[in-house]
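One chain, subunit A, links the two complexes that follow: it is found with subunit B in the first and with subunit C in the second.
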Partner chain A sequence: MRKVAMVGAGMTKFVRRALETPKELSYEAAKIALDSSGLSLDDLDCVAHGTAPDAFDGIHQNGEYMVDGSGGWNKPTMRVYVGGGTGVHAIVHGWHHVASGLFDTCLVVCEEKMSSAMPHAQGFFLTIFDSITERALEPNLLWIFALEMNRYMERYGYTKEDMALAAVNNKTNGLNHPASQFSDQVTVDDVINSEMLAYPVSRLDVSPVSDGAAAVLLAAEPVARRLTDKPVWIEGVGWSLDTAYWATRDLSYPRYLDQAARMAYEMAGIREPAKQIDIAEPYDPFDYKALHHMEGLQLSPRGRTVELLRDGHFAKDGNLPMCPSGGLLGVGNPISAAGTMKVCELFWQLRGEADQRQVPGNPRLGVAQAWGDLMQVSSVVVAGI
Partner chain B sequence: MSKRVAIVGIGYSGFRATSGDLSYREMIFEAATKCYEDAGGIHPQSIDSFVASSEDFMEGISIADEYVPDQLGAVLKPVQSIGGDSLQGLASALMQIKTGQQDVVAASAFSKVSNLSNYEHVVAYATDPAYIRPLHENPYFIAGLEMNRYLYETGTTREQCAQVVVKNKYNALNNPHAVYGAKISIEDITGAAPLSEPLGVFDVSGHIDGSIVLLLASEDKARELTDQPIWIKGIGWATDTPNLDSRTDGLGKAIYAALAGQKAYQMAGISAPFNEIDFAEIDDTFSYKELQHIEALKLCGPGEAGELLALGSFNPGGDFPVNVSGGSLGAGCLHEANGLQRVLETVLQLRGEAGTRQLAGVETGLAFAWRGIPTATGSAIILSSRL
Partner chain C sequence: MEEKIKVSGGTGLSSKEVSSGKIFMTEDSLDCAYAWDTGVAINRYLSELKKARIIGTKCRKCKRVMLPPRLFCELCFIPSNEWVYLQDSGVVNTFSICYVHWDASRIGEGEKPHLPAVIEIDGASQGMGIMHLLGEVEPKHIKTGMKVQAVWKPESEREGSITDIKYFKPL
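On to the complex of A and B.
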């Protein structure tokens, strides 16, 4: 298999309401990623886009619109989407471009501008449901994730306080991220006492609405070695999509992630992920999801995750730091860009360039994951130095 | 180049102006079932990965990717959606196999455009939100501008564009899956009501519903699954800017087609496409687009396509048949599914299964798809029955 490395990364600040257009956000992230690698736009072979869904930016065929900003003008460009999983999946998509041998370099650019939605981006989630059986009930994402959170807590006897611990872990890490849209230290009490949205989901259990973009430059081995002496290799990729009939699944365990993770670990030759992996960036749009996903990623035994969290196992200086970036809860959640931000974090952490966020012990192997659609899809990227 | 890849299964459903009896998911189920049957009865569990192509606004669903797996038999399998023409989706499937991680990948696409009450309104959402959309123009004005500029730059005539419509609608009479077949004259077309001068109502392809599923496999798997693998020799796609004011070389040229063709020819080792390729299925969403794309794809020089058409070169009996199926003008426009429909037609011809429209002795074909206004994205593929 052709070896592919990450050789550059960049992102915009994640903010509640960006003045920049989606195109300009893409430009900023793409330029930082290219400049950080030293590759010029003329030498770039292709661009892989990720945005999800079009309704946020309010633009049909959004991949086309982004082209001017992302550096794709007069190049092969292709947009991929798997809902919320898009940010990490776009890296998989970019890896396809280079590992296939069709291209030597590929710039992955993900962007989302959710502030265009009035009054709130949640409105667009009304149209993700089955138009006959579900949409008439007017469900939204908070509503169905509340069902999933409740089921997860019920299965293992977890409390809202247990879930809030994950929010505090990630939000504390995020305080050190220069692109974060937060500045306040949050406590478990703050989370529990925040406004109830849909039981058991309170406001601080949820990541915010954000605008932002992130980009990663991928290169085939010979190009990567020429551009940098610290390439971060894509060791494994995996993805899986479950049935659209979410109401008949057991929501307590993400079996799609189980499949995706095993696919990525098999490619990476990882047999004992919990022992071999040094840092994890599970997708955390809600606090419970970080824990749910640690189990799906085979990084924590089912039902023991809160115990490990309380023991400091997933802290920044623990055995397996969870979301050292701060994650979506700590940095912000411009959907697809948030997933790519997680891969950027692996890039910076594994190169030892994460400044105040740097986890101790020279991490060598990391995993990033994103999740989306109707609680249904996961994409996993394993990266190593 | 790494692994060789072939198309080993084809399935399709619909190709009708409306399909009130089937949901899009039922239509895809039918196409998928036929495709798996065609590929030696493969069980979907044995397929490694699935790629769908769609755009949310066309379907009235945010995150249309959610509804991909069930009807394809792809539950708990690697599945992704490409927000692009389905030929780009096919390119993604091809790349997945070439990485070595997958051996058998399905590509699916559909159009259920009959559900849309106002297609132009959706297209308007693809125009720039700051500069173009506030003009509140019917987006077909872009095609009118492009056509006008193309005629001006190349000396191609209005009548030659009309002749594309005559040819393709006539060809469609031989295609049982074509719904807009007709015997009409150049005068019928030039005399029809203008939509956006010089573009008339007959210069625009009509919409249809339909679904196509294709199965791709690596060489070893291909030989297991079928006796008639159709090899993918080359593929390319490219995007010019969607901004009308900054298109490379203005509105008269299809740079995206030139770049996509160049990449596909290079990969296939083709230097003289007109001589080395036997026939083509080329985007003809609008009449002028067929001629513009033929020139951009280097099948003739700039401004020569209209004359060659008049000489009959692109007729089924000509030197280089183009859109024997009837193309979008004769068979109907499937929007993001257009690419797979063109590949499907090319495969049928190369397998010798094209019925009364079968071309004699064809071995290598070209399919080219464009994403429609206001985009400047095109994808080209070279297919051959010979390895």
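On to the complex of A and C.
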């Protein structure tokens, strides 16, 4: 396998309702990523593209519709979809294209427009439940997250306040992100006192509904070295899918992520991730998920994550900054684009280009992760400079 | 709270703007009807539910007693065709108290919150839970680890569905 580097990144603002079409959003992110690398569309070998269910945009076979916006026309273009995990999985997918030797460059583009579906995109998630044994109970999507969050909290005796600390950490980091949907500081009390949606999930425990796109340009080593003095290498990739019998799993620990992370670390030659990784972008559609995923990523001992969070270990100036981008809680959550945004953040942080969000100490190794399907998939990318 | 968390850069849209026709909208009604087959294992599961019994399958290799029952063990990847009757009681593994509908609209005044739970059924292997609902309990009294009992619909109303169990109530 060949070495693969990230040589460009770009994203749109994440907003509640963008006036641009999905194609226009994709174009914006893809164009910024290309321009930042110095390549033009003619130089590009292939496109790896990701969006969530066609039902969100209401356009069946959305990949074909999107092709012009992603720069993929008349090129080998391939779409990948693993629910919320798509944004990081698309990077893994693009990495294959280049690492295999088949292509020298690959543009990874992920887009999501959550605002078009009326009255609420959440309705489409109803069809992920088992058609016979679960849908008859008329579940809604929040149930499974509330059930998992409660299980996680009960297992270790965590409180609502403990979970809110993660929301505040990420939302505070997000205030410095130019693409963020939010502009106001949020406190632990704000989170705890926000509207109860599905105990234990309150409104501010959850990331917002967003529109947006993000893109990363990948290149094989010789091309990467010609294009930039600071290629950010993809050191390892991993992914894993757990059983769809979700109610029979131990919901307090993300086993699928444990497996995906170990795969990525092994490829990267990382033996002690908690010591070696400098920055982490765990997937955080909910505050508890950031902590749950830090444990699955082997970056925090099970059940000690809140203690480390309280001690400032995961703060921007801590030993292992968690979601320096602001994450989904602090920037926004256009499903697949949100995962790619996390990989963009590694690119900018490791190159020292994250402006006000820049973590101190010249980080050299970072990990990004996304999660999805029926709470069962994780994709992981380890990047280094 | 709504006031405090400002959304920057986005474009707001009220239901009034939609209903007054101010927003360009294309209405498209997708008629998606499916006649799903239950599958071999779930067919038996549903037939037994109609008789107010919960049945699982056992894997002869890993010895797991699985619920919902399945034609094959996904771990050992061999047929799991030994049927085992389970209790209609169990333990609450985790629960939620849900105040929103599927479309994120809020439940109305006086409407009771939904009480979904993962219930580990007695007689199945440890950790083998199913998603169902709790009932006959005050939300504040629900605890994980609580013993619960299935409340069945009367025989005449049972139709071979997971909803033949109305909910689980505390024992």
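Operating definition for what follows: the second predicted complex is superposed on the first by the 385 of 385 C-alpha atoms of A that agree within 3 Å, B and C clash if a C-alpha of one lies under 4 Å from a C-alpha of the other, contacts with A are read in each partner's own complex, and residues count from 1 in each chain.
Here, contacts are C-beta pairs under 8 Å (C-beta built on N, C-alpha and C of every residue); 3 or more make two chains touch, one makes a residue touch a chain.
These numbers were taken from a predicted model, which means no experiment stands behind them.
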First (subunit B), second (subunit C), both or neither touched by A:75: first
First, second, both or neither for A:237, with subunit B first and subunit C second: first
Contacts of A:18 with subunit B and subunit C, given as first, second, both or neither: second
Which superposed partner A:139 touches (first subunit B, second subunit C, both, neither): second
First (subunit B), second (subunit C), both or neither touched by A:245: both
Which superposed partner A:96 touches (first subunit B, second subunit C, both, neither): first
Contacts of A:374 with subunit B and subunit C, given as first, second, both or neither: first
Subunit B versus subunit C as contact partner of A:122, first or second or both or neither: second
Partner chain(s) touched by A:229 [first = subunit B, second = subunit C, both, neither]: neither
Subunit B and subunit C footprints on subunit A, overlapping residues: 58, 131, 243, 245
Subunit B partner contacts - residues on subunit A that touch it in the complex: 1-2, 21, 49, 51-55, 58-65, 67-68, 72-83, 89, 92-93, 95-97, 99-102, 124-125, 127-128, 130-131, 237-245, 255-256, 259-260, 263, 267, 372-374, 376-377
For the subunit A and subunit C complex, residues of the former touching the latter: 13, 15-19, 58, 115, 118-120, 122-123, 126, 131-134, 136-143, 146-148, 150-151, 154, 180-184, 186, 190, 193-201, 203-204, 208, 211, 243, 245, 247-251
Interface residues, subunit C side, partner subunit A - complex: 1, 4-13, 18, 25, 28, 34, 36, 38-39, 42, 45-46, 66-68, 74, 93-105, 114, 116-118, 127-133, 139, 144, 161-163
Contacting residues of subunit B [partner subunit A, same complex]: 1-2, 55-58, 60-70, 74-84, 88, 91-92, 94-101, 122-123, 125-126, 128-130, 235-243, 246, 248, 255-256, 259-260, 263, 267, 371, 374-377
